[in-house]
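Chain nomenclature is as follows: A, B, C and D, assigned in order of appearance, with residue numbering initiated at 1 for each chain independently.
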């Protein structure tokens, strides 16, 4: 079903997902390309990522995750569009 | 009368009075010795100084004056004792 | 009045004195500088943190960041400070990479005509830096590593400025 | 934990970098430095202060003080800061004498394990310094001099700490 939805759209909607710090280490990747089966909010992207990989599922479970969309901190109800850069990471600890 | 009172006390009660900054310039002295005719509060010392010199009277009139007794900031109701060092000065402007 | 803003994210160390000289302006009576340094830390074990229980101590901090967003968000914070306070110059330098015990991590410097603006701006920028800039610290002990936890006190500190912002907007 | 307190009143200039190095401690993650500088100032005439109306500008500040009491009251302020905040090292240097435009007047430096203590202590010490230490500024313009007026804002700033003190005592 998701594949049919994606195929129905003119260009395949893709986003870049970045992981940082403890989340990057837990997932084992710093970056991946994700095909959106439908317009999604960030919370939907998180669910999709968890569904695709048990490692991601485990990494996200019970962890506070912040999101930056195109390098701006945003809430998880923000809609994601094709071509966006979505970064997911633990609460920051710089300074 | 004040002279008789002073003479009646075993040792003549004297204090050192210091002036700083604009007050020092207005009075034209940085230091003087003052004989206390009786136990006085700082407010009484100010009245005594004003009574003794019209220059001091003019310098003190209408000017906010702070007092330090033995190098501690104090209120004008503080009692002055023989041998004390009383400093009078305008509000401080350091820092 | 326009303020000079100088933001850098770099592995290289910085010279406080050089940055201090660069911040000075003829119309500024106040310069406030905050320097964050890698301080000693004990490996958390059974007991409370910061207690020398394990014998293993911090060797270095490793600073990871999100290139591009880090610089941009630091610049945004400096821009907020300039809007809110009367400032003439701001310097923010944050180091990345492996930083040994005692190393300088971050500098926030502010020059202002008056000290109240300089203090508040420097304090506020540090609170935003701690909460909104994509930087993460990994603590290297001699036999293990651990990601630093975000502190609730840092989040609370940020609230001071956001409440004040809302109050200002309401009045 | 004991804190190192270093207070000086001197005509000589000081080197910020030297004082910064001296403040650093292995258990301190935060150093906050305040530097007060002689800033440009315009001779007050008909108009509001700080406006270039007369054409005559500040050439120098002359700092008068009360020898003995100055040092003692600065030390007392540092002592209060140590009692109130978690600090490891304090440096306060106040210059006296004739200081030209751009010169350093005062340095307050604080090293603490955490930044909130360092910021608050530095801020508080400056407020006490402005209100309770026997120092006076005389402004030298090219053709005249004028004693600086104490500012109501400095007195108000001090109230912040005294109110908090009372609240702490009450709770």
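By definition in this document, a residue touches a chain if its C-beta (ideal position, glycine included) is under 8 Å from a C-beta of that chain, and two chains touch if they have at least 3 such contacts.
Note that this is a predicted model, so its numbers are computed, not measured.
Engineer: Ignoring chain D, what connected groups of chains are left?
Structural biologist: Once chain D is set aside, the chains that still touch form these groups: A, C | B.
Engineer: Just how far, in Å, is the C-alpha centre of chain C from the one of chain A?
Structural biologist: Whole-Å distance between the two chain centres: 28.
Engineer: Could you state the distance in Å from the CA-based centre of chain B to that of chain C?
Structural biologist: Between these chains, centre-to-centre, one finds 50 Å.
Engineer: Distance between chain A and chain B based on Cα centroids, please, to the nearest Å.
Structural biologist: Each chain's C-alpha centroid was found; their separation is 76 Å.
Engineer: Residues of chain B that touch two or more other chains: which are they?
Structural biologist: Residues of chain B never touch two or more of the other chains.
Engineer: If a residue has to touch 2 or more other chains to count, which residues of chain D qualify?
Structural biologist: 36, 126
Engineer: What chain pairs are in touch here?
Structural biologist: Pairwise, the chains that meet the contact rule are A-C, B-D, C-D.
Engineer: Can you list the residues on chain B that touch chain D in the complex?
Structural biologist: For chain B paired with chain D, touching residues are 18, 20-22, 64, 68, 71-73, 87, 89-95.
Engineer: For a test of understanding, state which residues of chain C touch chain D in their complex under the given definition.
Structural biologist: Contact set of chain C toward chain D: 15-17, 20, 24, 26-40, 101-102, 113, 115-116, 118-119, 122-123, 126, 153, 157.
Engineer: With touch defined as at the start, can you tell me which chain C residues reach chain A in the complex?
Structural biologist: Residue positions touching the partner: 36, 63-66, 68-69, 72-73, 94, 105-106, 126, 129-138, 147-150, 154.
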